[in-house]
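Shared between the two complexes below is subunit A, which pairs with subunit B and subunit C, respectively.
Right after this comes the complex of A and B.
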């Protein structure tokens, strides 16, 4: 629109002032016209009542739900609660510097601020927005204001630097997809100032350490350090306060070091990180103990309720939880309950333990070992921050630990000899893609269980596609094999071995997907039968592939070792015949799954589970829904509801009495324990398997003997012995 | 979205209304006069805040899927739903389900939801979905009895930080029951009621 036309439009819009008749429309040049909308709007104003809306074709649920009702406290995050701005809060004296002119009170208040910040930080890590937790601290929002207060200033600086480091590792890892609030930090003063924060903190720590020494020294010795002012005015409190502050400062320092060490490439900082972790933990213990001193030295009234966010039990000065709500995303405000002081300390203890587990994991583990470690690690429900660190440690620059190429990792996992690990085959499109899938898998295994399961279900399809692509040449070249050159046949051997490994991996993902359903409570008791049946089918396939891969490995690799040390060869051959321990381990799962399937089927068939048919669908539909992703990916092939029905419809207790799968599970678990003498995780897992097997074996015997004869028997299932394998509980009602 | 109901097993300790199931009257959404009833019930009982536009969105596009339960003229329960294309399936969605506390445990919620689900099935929906708080045992039991499975767990789905389950009910599919194929073909022309634009809401957007 050129200027003249703009003027004309403006004149038309304000037509009522110039006395000229208003033109109904002004041509805009390209076949359309500018029209005055005022009459329309005026008419509409009178027509539309509050809460009514004109429904456009593109008005969808998203749009409807994005509408916020202004001044509704449940929805309007911009509603002013107390202050319009940070500046107004400061002008009103919400965050004075110094906090008090009485030095004792000032120190007490500073400790409260430190404590409340720790509680806020824990709350943030648990998934709330940074703006509404840590940055509800007004002192943090105006970095320059605290510069005259060395103690508070240095503490605020290291908090900002720490938050920044944590945001950065979590954004890099992208484990937060489901927890997207975590990394939102716009509008917050998180930038810069990393370098100097430690030196400042050290200087303050040094001063307080001297003050502590001074107050503990006998009065004769005090002259030497006479120039040193005490921390505050009350000599009786001096030692307690110095100590309380020192442990808080030292915790921050070591925690920051931990984060910096973990950031170092290729896991080079892990050893040092462990030292700082252990320092953090001991400082946290001292912090916990300082509670007594801080409570007894209270100057005012307080109640030491459970939900207090400070060690002293007092309300901290300088926080306003509502001050930043406008910085949070354009969504209704989330209700936030800040962790209590003791919950916060507990959280950090757990975080540090989780980080320590990560740091102590071997950097030379095989892929299988890593996957197992991740599954084990997830069992303790680690929070976002430690999971993000695990992931950034494992995958750096597209390499394992930023060091090993993914192809090398795959060939090692597939049991191929080391010389092949630089083979030019790795540049093939298919193997590049496979590498990407492996990286993806590691990333997915670092996410929270809910997200993880959804993603695992989705990637099954990708693994299946790769499998088909890898298999293609074998199908085409069948029958032509005799004409292959040595190089081509070598290439084939590699691919064949990788193919078996891809299958194994696919079934492993499927089993993880199915088992996570128990952890997430996705299955109802009426569905257990089909779930255990599916787990059984998948585990059988997994065991087959594992066995296949290992027999291949044993056929190639021991050939070399045997050549080297002929004397030991007799032992080796005996091992070849035996089932490998890891397959046997799986066998114990298989027996449990099969036993549970059969027991549940018998209960269903003999109508011993109170289950009324659902009005809208049947087990068939529930089967399709639960296993849709597996079925789509053909994991495994030729499995359908019909096959489930076939294998379970005739099961009766009278037939089960002939064969007790749980006894097998128990026996195998006992046997295989000796194969993992140095693996405490496997040992305890096998103990759990034994327990489930034992209990279910007894329950099965009772049911077989009395089952249909005694209508007062009630059977229920719980997970008291194992998170995925249920234990039957038989009671007489 | 949400549900505030209890399963039949759940025994409410609060005062129960004395009434006979036959005294409850059910009505399909009948127009503007029902809107304030639905809104006040949902506002009272559910944790998520909804603007008036959200209610209007549902009841204006799918009045046939919303039902109210009355006891002696007093509105004691309601269900609000929608249906539409979602990733190449035609599916129903139960947005809100409320029965006020004194009236819970008497099958009112089951009746309300069953009515909506029946209309969805008749309208050609292949499945029905909804979200429920993992802590809402009553609602979970209710939907479990109706044949819903827990398809996914949604981490911290609600504004109050609680996880949700996505529940799904799949209707029997014609291709699995060859005898029904003919019937399904006959229905095909009626499948999409009116020429309404039925938008697809990416799952991630359903959360606020």
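Right after this comes the complex of A and C.
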């Protein structure tokens, strides 16, 4: 009896009776078979206590929590949605070629596909993966299939070529931001150069242009000479559809040209790129207007869904977002929302404007000018693609614009004469490292604000170390200068000037680090006082170093030659007619920062700040947390929480009555505006400084007069006039 | 067959969990011997997972280590299979449809038999 039962069990084990097919292609080992253990497992589970597990010695509950749960949509990317594979989808008619045997419907659907692809491309640019966006298009996944459909085929080819070009430039820039998803193209048909894609596109464009001329011919009275088949069947729609397709094809053509021009080394293609950008923008305008034609033919409603991804409002044929989920990592990608069609058009308009700004920037600018440009550029929040282009334009083959050696750039920035730019001192280890730091700085300034701030904080240490290394020979040779040869003395002079520039640059990085904190909203109002104080301290050093550097050059005084390089102090300012404009510009910032520090300190000391202190950490701890990187790098030296406390603990409104820093800021800003006639960015910045100064000055006057006497006065701070410098708002509650 | 057997054991009162010799812990003992062996689990949507048996709980949820997913490229079989490495996975008992362990022909009888 028992034996028969055992045989039955064995037969069951052979797998036919449990009723679940097992693929023969999953082999068991040599001399072994697959034995069904379900009954045994069930019996064992029944015997377990609640919460009891059967596991081995290597089991760790914490590690087990990281297991992917099968059939959970957030964790299981292999879950079968609609189709098991692309091929099954195709066999089930998900991406027919042609899309319809009715030419009119075929054309309408093709336009929808073009529009949806634009929306996918925009979504991809915003930071998602290709597999989930552009390559959710089944037509793109099997390129050969569309060869009988000229329009769709050429469009797919240009899309692939464009995506490839964009992936290439972003990979070259290697920003390694969170958008690493962007360049993932494993398993996607993106390989190989497609030289013929443009000629194919041109041929199709030519045909449709002729079809457009043909359909307009009767009204213009010309005889139709060409025996040309129309684009589609409905003569009333022919003109509208021809135009809609033409603007889309032309946009793609010009956009591809933009990317190719920008790729050319040493910025040689920038002017031509601007022409294509301009064409792109006009085609996008026409594309936007084509919605009228495309929508009016079907659904009469114009406000049907703001998130439609096509101009016509229809769902496009041939897309399946779930088909590629297995191409990502074991876990499925986050579910994403494809941009709406109008959002996508807006995105490309912005992208083209940002690229245009990059193209119009002069290739002869000084490093200071470049840094200023990059800071200004970031204010418009450019996306990854434009930032990557900026970086690859600036730095090619380890040179600026692929043309100027970094040492030449440094010597120019430090105010050294041009003949020195090939001096062999550049081969010394210190200066090679300094060159790397400069390249790294330019790369960092092309990343997004959050990443940028983090990196800027980290490199402070590196810049400090370089400074110390460059300073070493001077420290060692105190008092021995008379023993140096002329060449050695010359080298010393070069290094001395470079040293001043390095210091200036370090403080500039520190100031950027601090100010980006406002942009990223990292400071709470209770911390503004210490932040402005630190900004004030750093800006003073920056201005000092900048002025010192400028005193080396004779740029402001053409008549006198001040060839001798001076070391040390700026006591020679008596020879200067006035402070250089850029230093005065900084001075206005310094006055603002000082004014804000004092005002906030007075408010705190008079207990007028509405902010209650945080119970979690003290002022001192927060000081350390915010300025840790600066303190570690000693930028500047001898600055501590104690110095901050010393400067601010006795400030009262009664003391501030004596000195209104904001009035100084206002005055300087007014004076300096005239020194930047060709710089609209600086001028608007100075106007903003003036505004902040004026509003704060008034607020300060009110507070000084009434402040401690009127408990109903409430003070708050906002950034309505300037992104970093707050404006005080005094209200009666 | 299995349910009757288990019920019989329950009624015999030997499933109090106290004795090492109770048949309840004998099943648990046998399943413990299956640990680290290659296990093939089939699930409702037709996929199979092959991995090292790592853990099971009272509800019948299974954890496999170094798992590989097998799936066919068409809904209907026969069809070519694709495979993919997944690492550590948890298969809920609710979606499990089959479970097989790789074992030698000789041992499968003793392994599977629910007799003593």
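Worth pointing out:
Convention: the second predicted complex is superposed on the first by the 625 of 733 C-alpha atoms of A that agree within 3 Å, B and C clash if a C-alpha of one lies under 4 Å from a C-alpha of the other, contacts with A are read in each partner's own complex, and residues count from 1 in each chain.
Convention: a residue touches a chain if its C-beta (ideal position, glycine included) is under 8 Å from a C-beta of that chain, and two chains touch if they have at least 3 such contacts.
Here the structure is a predicted model, which means the values were calculated and not measured.
Within the superposed three-chain model, A:616 lies in touch with subunit B and out of touch with subunit C [touch as defined at top]. Touch criterion not met for A:144: it reaches neither subunit B nor subunit C. Within the superposed three-chain model, A:59 lies in touch with subunit B and with subunit C [touch as defined at top]. Judged by the touch definition given at the top, the superposed model places A:26 against subunit C, while subunit B stays out of reach.
Legend: residue contacts after superposition of the two complexes on their common chain; A:88 is shown touching subunit C, with no touch to subunit B. Using the contact criterion defined above for the overlaid structures, shared-chain residue A:44 touches subunit C, although it does not reach subunit B. In the overlay built on the shared chain, the residue A:68 is in contact with subunit B and with subunit C.
By the document's definition of touching, neither partner reaches A:637: not subunit B, not subunit C. In the overlay built on the shared chain, the residue A:364 is in contact with neither subunit B nor subunit C. Subunit A residues in contact with subunit B (one complex) as well as with subunit C (other complex) are 51-53, 55, 59, 63-64, 66-69. By the touch rule above, subunit B contacts subunit A in their complex via residues 49-54, 56-57, 60, 82, 114, 117, 121, 134, 144-147, 149-156, 159-161, 163, 165, 168-173, 176, 197, 199, 201, 205-206, 208.
The touching residues of subunit A, counted against subunit C in their complex, run 2, 5-6, 8-10, 12-13, 15, 18, 20-23, 25-26, 28-29, 31-56, 59, 63-64, 66-71, 78-80, 84-85, 87-88, 91, 326, 330. Contact residues on subunit C toward subunit A in their complex (touch as defined above): 1-2, 5-6, 15, 17, 24-25, 27-28, 30-32, 34-36, 38-40, 42-50, 54-60, 63, 69-75, 77, 81-82, 84-92, 95, 97-105, 108-109, 111-115. Touching subunit B in their complex are the following residues of subunit A: 51-53, 55, 57-69, 72, 74-75, 127-128, 178-179, 331-335, 448-451, 453-454, 520-524, 526-527, 612, 614-618, 620-622, 624-626.
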